[in-house]
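Chain naming follows the written order as A, B, C and D, and within any one chain the residues start at number 1.
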Amino acid sequence: MASLFRGSRYIWLRWNKHVDVAFVSTRSMASKTPVGFIGLGNMGSPMAKNLLKNGYPVIATDVFPQSCKELQDTGAQVVDSPADVAEKADRIITMLPSSPNVIEVYTGPNGILKKVKKGTLLIDSSTIDPAVSREMAVAAEKKGAVFMDAPVSGGVGAASMAKLTFMVGGVVEEYNAAKELLTCMGANVIYCGQVGTGQAAKICNNMLLAIGMIGTAETMNLGIRLGLDPKLLAKILNMSSGRCWSSDTYNPVPGVMEGVPSANNYQGGFGTTLMAKDLGLAQNTATNTKTPIPLGSLAHQIYRVMCSRGYANKDFSSVFQFLREEEGQ
Amino acid sequence: MASLFRGSRYIWLRWNKHVDVAFVSTRSMASKTPVGFIGLGNMGSPMAKNLLKNGYPVIATDVFPQSCKELQDTGAQVVDSPADVAEKADRIITMLPSSPNVIEVYTGPNGILKKVKKGTLLIDSSTIDPAVSREMAVAAEKKGAVFMDAPVSGGVGAASMAKLTFMVGGVVEEYNAAKELLTCMGANVIYCGQVGTGQAAKICNNMLLAIGMIGTAETMNLGIRLGLDPKLLAKILNMSSGRCWSSDTYNPVPGVMEGVPSANNYQGGFGTTLMAKDLGLAQNTATNTKTPIPLGSLAHQIYRVMCSRGYANKDFSSVFQFLREEEGQ
Amino acid sequence: MASLFRGSRYIWLRWNKHVDVAFVSTRSMASKTPVGFIGLGNMGSPMAKNLLKNGYPVIATDVFPQSCKELQDTGAQVVDSPADVAEKADRIITMLPSSPNVIEVYTGPNGILKKVKKGTLLIDSSTIDPAVSREMAVAAEKKGAVFMDAPVSGGVGAASMAKLTFMVGGVVEEYNAAKELLTCMGANVIYCGQVGTGQAAKICNNMLLAIGMIGTAETMNLGIRLGLDPKLLAKILNMSSGRCWSSDTYNPVPGVMEGVPSANNYQGGFGTTLMAKDLGLAQNTATNTKTPIPLGSLAHQIYRVMCSRGYANKDFSSVFQFLREEEGQ
Amino acid sequence: MASLFRGSRYIWLRWNKHVDVAFVSTRSMASKTPVGFIGLGNMGSPMAKNLLKNGYPVIATDVFPQSCKELQDTGAQVVDSPADVAEKADRIITMLPSSPNVIEVYTGPNGILKKVKKGTLLIDSSTIDPAVSREMAVAAEKKGAVFMDAPVSGGVGAASMAKLTFMVGGVVEEYNAAKELLTCMGANVIYCGQVGTGQAAKICNNMLLAIGMIGTAETMNLGIRLGLDPKLLAKILNMSSGRCWSSDTYNPVPGVMEGVPSANNYQGGFGTTLMAKDLGLAQNTATNTKTPIPLGSLAHQIYRVMCSRGYANKDFSSVFQFLREEEGQ
């Protein structure tokens, strides 16, 4: 029932302290039994390949046949639907674009939960609303399965090189089982707490990242206008209390650093539209928990306006360019 | 003439590239001739004492007789006015609360410039509008003196222990002469460029600091609401792209770190009212140079509201407390 | 299925132009057949009484027995659940606090849709997310019923005096049937378009109201600081382009107007917590439709902070008091 | 002395209640003696012509010879400098672009105050910082002259048709003398209080105007995204509490109203760059008086970014266009 799942989001928020019941795993712990993988996009595809490289049989599906074909050529078995994956694997990883996709893949007519086996471990690496992660966990629990959220930081390059960072939420008894698989795809695996806290950690980090980046862009621009050399200003900030990742590792001003998107006309990196999406998640969770986030909200709005003004596909450090006066003025 | 100085601010902004003429110092370079010191407040007093400790005779004045008396007891000579200091010293340091005080002390009826000797080195360590620094430099130049701005970072403790950082703006030919004195009072002396750039660097750093602090407070609060342990969240941020000085060195959440104001009910540290003042300077320079600073402006407004709501004298990391829901709600 | 309803939200957004199929009403048009009423709170109770006054038999329910008892004493028939109401009435009005309640009352285990008759007219006067209104309309349509959203403006007083304004969204063919009932409870009934547009109109109005109110409070406070008499400033604004409802009808400065909450220590009126809720809805719809609302977002954050600082139950014009400097500073 | 005027700004703020000493006018009250006019730009030129039309001899000057020539052809006497105007007229009106120009024209080497006669009435219709108006009043008083601020609302059209609104600050005893001249150029003359309050009223109005305009643009855009017809939404807002001048008189959405800049590709009207200037004045006065203006600050930043992104010369209602998603996205 729609109302049950929907309503359960709110009930869950209130009662979540009482549902951390221990799950007793009944699945095989033999490490090389098949692993399901659903969502073979830019991130999911190299992640699934890393499972194959580590000797795990992979049973995969995706809505795009071409993506399935490519993974099949690497040795995976392709099936028709999430339900079919659930029939054949008792460990499944999902990597999907947004909350509605996750809901569809888990609870839809051909979703995982239609045919999931008791004791199956479900790991969702999508970046979505933590409330949806909690809903999925409740729905999975009703089928005797275990759902964990494990969103990643790091981009396509990190996915290819198995250098992702996973932030994991879910029952602690299943963490080691999840970690066994996640270490094949990432360099860091961090346990964050109950289900949804992996998402929470990711959203929190990206909100502070966005604030720091826009703040760095404003500050560098102001300093340049006041006559400071940008490299010198960056150096001063980085030895002082203004220091942050955006000033010392990913400076948004062309010419200050090499090997970052600002050195390459803001190509590559983390797109403005993706940052706007993550800030939308931060805003939703803040609104729903009645948490004030004045700078986070404004950062969201700035990236939203940038998407409307032609910056959607540039790296999110292009906010420096957005704030600079146009030439000729 | 008021109009000349005022107007000159704007002309200066336009023409400042052409005025970096070399000053030929005519003052004694003998290091232990007297140094003037004007402004003996919480910061100025320990700074002047450090000059005395380094063997410099100090000729001082302040509007508060008690402050003068205390320094006199430590060995300084006290005189009646800035003009009197200028008569007796050809190196003068000023440490004053705000722009109007600086204007008065330099260009007022009993100001330094009334009796300044040709070739005198004037170092202003106040944190003020860089445009006022430039005005003072022009006024000093007319009298044959040299004005440099050298605002500090670091608080009363750093001032006492001679651990301040000085950001210095002014003609490069005089930088070594300034550095000789400033190293008696600080651990770092950074040359930033033409006059006013010391102020610019300080203002820029503090604006980014304020943005990072409020951002950290919002993020930590949101994460806690979403079920994350604050220490764990801080750890995750600090190994990720959300990392900043406020998250890894001065965390605003009680219980996350020791030895910071948040561990001591936000006593000590850098007061909200002082941060609001520095953000006001950032706002003024941004407005006057037509530079957009959306997050910097909002940070200013948040600290301004906090000053109105009882947080004026708490450390600026108390924004975490300001944003938390009140107990009992 | 949860996924169907959830997913449908997104599909609906994309396809809503194609679903305005005509509904053929099969319910009795005789005006004095029973009307169902669910939600007997501060607003719902006087609304239901106005239906009774107009000669309509009312079949009601609420989760609070005391509320049911009171309406029963006025002549209504009380039943146990929304499903029971649906069994006995083919016109039903709902007036509930928020989206989850609406979802529960319509689609829950004892919800309206469990026993709704074909052709029933369902009118929801709650203020909720328009996407939820659209979901409810789809769910109702599957049962052969018609759902319309009809949120109100005006408070408890207007509800008692049948002076509410209704903003109505839904299929135009049913608008007259809805209007027949709504005119018993309100002075204005406005047709806004397809389902969800009633909510949209309400949310838009309240967002602009909040912006205007905070803007008026800031402006009046600044003017007073600059030496203007508040009554004179209000008069000047109201004859100029700064004029808005908050300046000319509901001025937030004590002493400027009579009969408004600012004249009564911000008691009564429209509570800050309710405004924060409506701004949360505006924020959610803006985030979900990727619409930038920088001032709307900041207004939301300001009211959210006010709720955390003791203003939750004061009228929303108390933002003037929130921004004023505290006495004694 | 610069320091005196500068310092006096701050003293004045503190002591302004005590300086409303009565000025005894010694100038001729005969109405058709010459009137000085300085500043013959888009606004000043038609204003001066209206004085000529009303039979006043005009003695004028401007930095652009062409502007002087044109007014000379209409019958004015042109002289070389503000000082020369002051020598020949004991009532002088100034209409200048910004604070530095006003300072130069009044207190510069060839400024009015160099040759002003005792008892001269000086009326400044420029829009500037009220603190500068107060400085000018102090400087004028020292020469025995009276300075009043009288900024206008209304554009070039209103200036030509003598339909301007003047907001006047200054000693009340001189108000009637000022009004005699101002009524030749405007339809409304409003006395606001002590010197500087005319500026304060103008700045306050324009800040609330900017907030209302951006708020209206956001709200209309959000409503359209949610499926509302823009004309219908405007109608609903205008009969509700969201109503403001920008929604009911100057709607920013093309197609909602005729005869406004939004109906003409945002040509004409009040340019974004001028609004950004006025918001900069509001921000400066707020910063200097420590008044929180969160929405006013953000409105300032939005118009500042718009100036950087190609909207400088469009009407300020073009913020609607700025916030809309780009076509093709």
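Here, contacts are C-beta pairs under 8 Å (C-beta built on N, C-alpha and C of every residue); 3 or more make two chains touch, one makes a residue touch a chain.
Values in this document were obtained by computation on a predicted structure and should not be read as measured data.
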Can you name the chain that lies farthest from subunit B, using the mean of each chain's Cα atoms as its centre? C
So the centre of each chain is just the mean of its C-alpha atoms; given that, what is the distance between subunit B and subunit D in Å? 35
Between subunit C and subunit D, centroid-to-centroid distance (C-alpha), Å: 41
Averaged over CA atoms, how far is the centre of subunit A from the centre of subunit D? Could you give it in whole Å? 51
Could you tell me which residues belong to subunit B and also touch two or more other chains? 290-294, 298, 302, 305, 307-308, 323, 325
What's the contact topology between the chains, one of line, ring, star, complete, other? complete
Given the complex with subunit D, which residues does subunit C contribute to the contact? 16, 130, 153, 165, 167, 188, 190, 192-194, 196-197, 200-201, 203-209, 211-212, 214-216, 218-223, 225-229, 232-233, 236-237, 239-247, 249-250, 282, 285-286, 289-296, 298-299, 302, 323, 325
Seen from subunit D, its contact residues with subunit A in the complex are 298, 305, 307-310, 312, 322-326, 329
As the complex stands, subunit A meets subunit C at residues 1-7, 9-10, 100, 103-104, 106-109, 111, 135, 139, 276, 280, 283-284, 287-288, 290-294, 297-298, 300-302, 304-305, 307-308
